[in-house]
């Protein structure tokens, strides 16, 4: 019998950075959690504990802080590109570097005097993500959003599905549709700038479609959201969306001597439906 | 030796409710997680398993949904009052009922056509809380906010503190101040309405003070926030505030051959400082 | 109008310590998360930001590590006592110090050669706790357990409770009883040693009673557990126990054309019952 | 421009099941959380909201409970196989069904009278996992463990790694090695029974190797664990292991006037190293 090291990678996860850029009239705040992963000629470390080709994960952490000092950090994507480029260009034994960045949402506090120059409040539970993968020959930039919770109280139906001996769900024409948008899109290789503009446009488009869509299935709304994102933002070629169906279950009030006029629901965390799809621009 | 049942209470926790109120032009959404706890003559259940005076916690859950159907649910406080009143007035063996409600924050989605009539987005990680305690003779209403994260990048110092052989922290004149506001205030017994107005006023006041304060200590900012809340909102007599000091630690960049101009920080979750105080209106 | 600082305290939370004691034949491992809180003459910090009487929370953190070096750390209670004593005796402005310690459970790995001298595995989700509060004149030592999940598949009933128009729960003679024990007990002031022995005895006693009890109510089992702890361990005077009732709901299988012979249940996290009581030795 | 639905799947997640099997002398307890996902001809649901080929996720939930009633549930793998087979064989539009099961660890309580026949205690934070994927032509069975925390206080070094201008980590010959084992292995297609035996053997082997290994790198220990699992259990062909390096950082006690003799450490949650590899039996 013989055993082979078929795949390996290693890195540092959850490197948490806060950067403050101090302009005369206002400060800019950027907070990121960064994961770095390297692939390459590290087999000796696995086989014999020979670490001579291993970049310490502690050094990766230091590198995040060192490069953050000189990088403007206007957007996450260009910083992730800088980090990935650093590890690949400095280390011939590295065949690929993957950098994932996740950003909690802060917005400026608005006081009676207007936007505050240096005070912030958490803006929502969602997080902006990006992922850069750089090999010797290639680079890909993905971005996304995770944890973006939305809910509509009507314009959602689900009917005419398969019925078998274990089906108890009735057809329903008017239900609550609650979900948490998790989406990742892939930029065209030629895209280089305005990562923030693209990101904002895609998120706003998906949220608008969610709000306006007359939904016959979570699947249909997901597709409409992805289609609109691709149609609106020519910088991306592909989008993957995962929507949990976070059920609000109508309370059966008959045993309580009451009528539930589609008003009173149990909020549930589990079980939940999970609908996913990847939409791609044709001819690529 | 003899053993005594010194205190007891029981109830149902995390009863999660979603209510939709369907107006012709728009829907109203209310989401709450409710905890109910009863005190009273339940000793027999503890001593012998005689449950004849025990209101089942399952019945408490049903009662939340039943009473939510007829209650307008414009605010959380009046609903908590209704629930507490229900359990005390119906059950002579109940000496006190405590109802705690926690509300996740939803706001209407704004599309190009304006505020959407029935689609919502999660507004922030914070939760609005209230707690009503009703006895045979008395009732108290408390409300609060939890998980409200704020951060300022300057106007925060900490210096001239006690130094001993285990002190390594230098005096600092310009640091990041990041915290998560957890506050609970007590309404005057005479207050009966506009719970939403009071709540909004207190939260806005605390956030404004946090943003504008020239902080010499987390303690000082906490006091200023509480003082302003009491000064602005005459409906409350007392406020308790707890502020974790969520440290952003300046990265020592000298070993990396760089200078950190108060720009690059490690975001930390632990350990954290925890500063608390209760402020009270005099002469009560 | 005048506003008063009615109460205040501050400290450092989640100071996480790992200590290894290296004996010739084996190592001892201790892992703790420690919270420290001080009360005293700190009003100037709240009122004017004058910190001259404030022990920095960063110094508290350093003190934990410094004192852990010379303390044997055989048990958590004596270390918490040492820490509390340190802050009170060194700082005349401190009127009280509270130290809370929480310990994750590690046990030695057993290999084919027996107990391993220096390798450990996480032993359970529960955490051992203790809390020491020291004032100028007094000291109290409490200890406890949190997150200890237990479940029995029979010997649990709940019947003959109050029925009203919102009651739908049927009487049940044979249900699953799943809970997570959270308990805190108070040692007699005269107790000074063998904290580990007392702790182990109390936990084992409560677990045995849970297993053997013919339960007519969660309340009754809770009381039996507390009574046995007080009866078995003369070192404690009081015990507070909180037991969530983590419902396993029988699946209604009739609509599926099947019979549920009390075998198939939905595991739920919420809502949950919550039963609490404090038992005290008489005549104290 | 044209947009294509490149991939899609949907299902139900976190279906939580408790099953009690009541033998005359003892009860058996099984608790599982199950995720089901289907691939197939569901495009019409995405494109037009036509759900005529969609098995409702609510039906999937019911099916879990229905099939659990007749299945012995001795092991998780055969139940996952039964579920996957059910959805594929009943629904010609389904091209593949994936069933993931996760099991929290319960063990019987030991009282002075011995193993208790029907009372259990949570055995550890880890969870046993399995994943079955069934297509029209094929089936694969994977199993694993997640959240298995282990720690050794010596026999771990890390030295002679790459040094550059951002490297500050010193070579270290004796450090704490703390990790949480996450592993997934793939059974040979011909394996059909004794899933529990294989699972126990693989876990015990990995834990023993972790305890005994003289580690020169997390990578080396990971490889040794995977190699031993493949060598010991001929039922598997491949194993993927991910080991976070959960750092215990030696406290610098010099500024405190003390010497740290490799005894006092800060326990950290982040950042953490993350080392992964897949080992495969040759010639497959």
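Should a chain be cited, it is by its letter among A, B, C and D, assigned in written order, with residues numbered from 1 in that chain.
Quick note on the criterion: a residue touches a chain if its C-beta (ideal position, glycine included) is under 8 Å from a C-beta of that chain, and two chains touch if they have at least 3 such contacts.
Given the structure is predicted, the values throughout are model-derived calculations rather than measurements.
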item: Between chain B and chain C, the fewest steps along chains that touch one another; value: 1
item: Higher-contact pair (C-beta pairs counted), A-C versus A-B; value: A-B
item: Averaged-CA centre spacing for the pair chain D and chain A, given as whole angstrom; value: 24
item: Length of the line joining the C-alpha centres of chain A and chain C, rounded to whole Å; value: 37
item: Separation of mean Cα positions, chain B and chain A [Å, integer]; value: 29
item: Where chain D touches two or more other chains at once, by residue number; value: 16, 62, 66, 166, 168, 256, 269-270
item: Contact graph of the chains (line, ring, star, complete, other); value: complete
item: Residue ranges of chain B in contact with chain C within the complex; value: 1-16, 35, 37, 42, 45-59, 61-63, 66, 90-91, 157-162, 164, 166-169, 215-220, 222-223, 226-227, 230-231, 238, 244-245, 269-283
item: In the complex with chain B, residue positions of chain A that touch it; value: 16-22, 27, 29, 31, 33, 62, 65-66, 68-69, 106, 109, 111-112, 116, 118-126, 148-155, 176, 207-208, 210-212, 248, 251, 253, 256, 258, 260, 262-268
item: Touching residues on chain A, where the partner in the complex is chain C; value: 165-166, 168, 255-257, 269-270
